[in-house]
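Labels for the chains are A, B, C and D, by order of writing; each one numbers its residues from 1.
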């Protein structure tokens, strides 16, 4: 059994580090190449990276030499933690060169032929890969994005409510500092403080990405989810974990018990069940009166589950509740990895190495 | 010139301490008596109080002996920082005994004959004092409440918008730890965390108090403000300053410039202008893209001004914005003191001491 | 193979919770009985405990009924997370009744016949069990304490330096809030703040416990370690992880390389190697210029390793450095569990159940 | 009466902002010119500066155009908040051009002819101005430095102990994030964390600056204070206020009462008494068992007083205690301003404008 080789773009940044941490001991993937900025290229990873996660870089990457952004490399699977600017050109170029690029960057999320994948919710959007290959002349390559880290818990909690007719969504976020990367938010801005603003058009991303992710693939296109969606985004002094307070208007107003049942029984696409990074339950409803809380609930399902709580009537829309997920695991690197696992289980890497398909268990649902 | 003597109920608690701090060097009032729990009674204030504000207790109170809750005392003006339970009976008893009680407790706020005063917004609600005296047989006494600390910035920011027909208000708060008093929130609950819940029916208080404060006095009653109001309340790791993210639906939808003009030009009731604790401007609109922020804006107007920012369209209601004020100054002790100043300027203390009226400037607007 | 049954005293408190968390899936021990205060007794654990750690109480304890402090129970092994007061009488009573009590309480630490165990450093102090049994007439019972959470990283880092002749130790601690339990430190006291004081005679404990733990068992007594030891203790806004800045005077002044070698090669008593909770390395020296840090290093060795860094000359004594360990794992519940594992490996539980000795691997070093 | 015109170098940075804040309404000085980096030059201050202090930039500076670093300007008094690099050449050049430069930069602190002033402690070191003028050929110009912000509370607390023969000083600091400027410390590095390291040779600065500041001017030179001094510096999640835990060895070991008397009665140089920024008491001893604390005591004396507490015996040296002062007021901009006031009171600005000497009260001690 051989593992699929992986290259990480932007390997020295905060999200790049999370990719490295989550891929240590991954059953299907192994880190083969690390790509960094010009400043980092040519140095060992241990020299180039200022490790900001807990502990130290895994020994498996410490001595790898960081490659420059324009290097040729061989890994079929590429995880991109690039900032938006360099992602614009580099990611499609790598897909054109045959690599399968799972990106956390925002650069291409809203392109009509790029799947914006949250696999439990919209695994069928991988169908866009055929569209992009046809349209762009790509062969083995592909470009798959995951969403903004703030819209993720909202979309995950709304997906099971689609059966009730989601009409309006009003979200107010309280976002962790790790969402801004490193060095990111200066401590003088956030200690004993809240900033009622997130740069990079966070509120607009929330709105448009929700529309796309909850939409349905019809023919070659994703038809936007028709609900009205608004978001007000805030930064709070929390290390990890984005909490979103959501009010929702539902056409067929269900009871609170029906909503909680919908959440608790939700398992999402059957394609996802059994993937290595898929949590046992994508969502948990917490019955305690004061949950979810970022510090106490962000690691639910190894950071891949969304925790929901405080469902109650809303005087303005129908109901309100709070949803939380780990912004750099489920909301970033972990979701990219789950996306790649979905592709692997569907055979997208078979063309690269015949041996790969022999790897025990490399299909979901077994 | 002589000052009006003041007694503080609950003087050793966090709000009681804020009363003491704000009354130091007050031009009209002087602290005469301190009332505490049985545990504190009989000890000097310095011994009885664990001072939680900056610095140390003022030298003027350090050596005063704390009186028990049931003590008779002579101060005509009483500021109450009692918890709800003891306030239920003690506050009306003191008013019946002739004292004018300005309370921060929630016990009596929603009684129909108790003014819930935010003087810029509803100074005319002092008219309820005549109603309560008539109904309860009180003579020189009165009971005047100020509101919950979270609804305060919402009401202050909504007051100037009433001319546009406020129909719906959706608020999400991020509240400071000092709102819970001392010892209040355990640090293990809030460091690196957010709690999406505030005890004591905070969300219900927000809704009902907004209706009363923004309502209009007609005859002997306050007619509730007719807007639909909802609130979702959260605790964040901030020392002081409650930030509220508000979406509002307005019948006569104005432009953003019109709204900002309404805020910037708002001065509130002319009865308030010139009172010692009245800020120069009750509200400020901040044009920076990331304000107001609790740490940087809570002390605007010595903690008595409300700061507003980030006005923008809301996809669900018409507009959204953020409002902030200092929860233990404007939202608690400072508002009680301003309420008492309003009463003093209207002559409510004249009966107690003829000399009081000689005090220079003891009427607003001079 | 059967596991040793465990009772937890003070099971609903913060340290009690850590015991429960660490004992989930323990290979040798299983939680059988939970003992709490009168307030908790008779309720299920889920009802009685306000869980303050991450996530929720394990399903294995949620439905157990909490027993009162004076209940008779059958578990041979007792972990005590009692406050000092109730520990004074209850712990020896349980030992007299035949239970082996591993306590985190401070009540009996300094009694001459009670081992104050940090197993890597002083595993031989278990010899005091025979002394206490002889002196107190106990048969199968015993009372074994672990140390204060702050002295722990100091003692661990000093143990390998004993060969150089430790003469003077000057320690300044920066301690996490979890060290004070729950509710513990009010957030108003510690947010944006440092408190240069820890209650409960923390500095005295540090000094006397270091002398005992680093001492040597000679005959029936521990001869105190002869170094001069001083500590200044401070509380900082950190959730978990006590950082101690230590200056040390050494008789045979070694080079810095010799000291780092002594740390890196230290494995402690061979009795400890292979115990389930023993970390691979009890100490790590971190060569980065700004480590150890509480948030990034507290979980080293699953919270059981001590991290050291910043060794450099000290102008007053010989050298200074920083040491860190997780205060509620290695510094509390985790150390108690390691102590019990040491006793199990030495056969102290054989008398209770013949089957226990059959458990695979229940001896260290295999 | 006319005020002395002031230019601020590095006006847009965090310390520059503090200069602006403290000089608003200063009785003797008025801000005339603002000098910034190339990026800022040519823009208004409001455009160029990202204001990181509370509130907003004072209206008096908002519309001033920021001048480039190499601009000629007319203000006789220059406050420098430059980073070290540009300070190296620019500060002496300005002094050579006739300006009196009071600098917070570290570039020239240890030059033998530059006074390192903490006026209460070493006002007589202004005598070095004559040395530097003679040596460097300067006429009206001068260069006066203030110290590192961490050594300040240590020196202030040690000054009154010199009478007892200070022989050894061991200091461990817990420093606020504002000491690193803006953007300074990334929040990901310090939230729920402590960093046992401060860059820029903080520990060395502490040691050498203490020796110079506590030294005595003999002839043309400062003779170094002969005590052994060591420091271990740490960053903690506190906004403002550096806390230093100090152990001290004293030749003529006094009682604790004698030490507290020495602190409480200390007023420092009589030259300082009555200067506008001089606090009523340079030091306060707090008798509470858990003070000083950064958040509660940093603003003592408007941020210009040093608070001391917890004096107790030290097992290693003689005594230990904790000292605190506001690092960006007394430890930076506020000290520079007090230094300039001292010079003004001694007539150093008389040469620039005859009218200046007419200003009421412009001499200390009146």
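Quick note on the criterion: contacts are C-beta pairs under 8 Å (C-beta built on N, C-alpha and C of every residue); 3 or more make two chains touch, one makes a residue touch a chain.
In this text, all values refer to a predicted model and were calculated from it rather than measured experimentally.
The chains in contact with subunit A and with subunit C alike are B, D.
Interface comparison, A-B against B-C: more C-beta pairs in contact at A-B. Across the assembly, the mean Cα position most removed from that of subunit D is the one of A. Note on chain placement: the centre of subunit B and the centre of subunit D lie 39 Å apart, centres being C-alpha means.
Centroids of subunit B and subunit C (each the mean of its C-alpha atoms) stand 48 Å apart. Centroids built from CA atoms put subunit B at 44 Å from subunit A. Of all residues in subunit D, those touching 2 or more other chains are 191-192, 237-239, 295-296, listed in ascending order.
Note for the complex: subunit A touches subunit C at residues 53-56, 191-192, 239, 286, 295-297, 299-300. Those residues of subunit B whose C-beta lies close enough to touch subunit A in the complex are 168-170, 172, 174, 191-197, 207, 228-230, 232, 234, 236-239, 243, 245, 247, 289-296, 309-310, 314-317, 320, 322.
By the touch criterion given at the top, residues 14, 52, 177-178, 182-192, 237-239 of subunit D touch subunit A in their complex.
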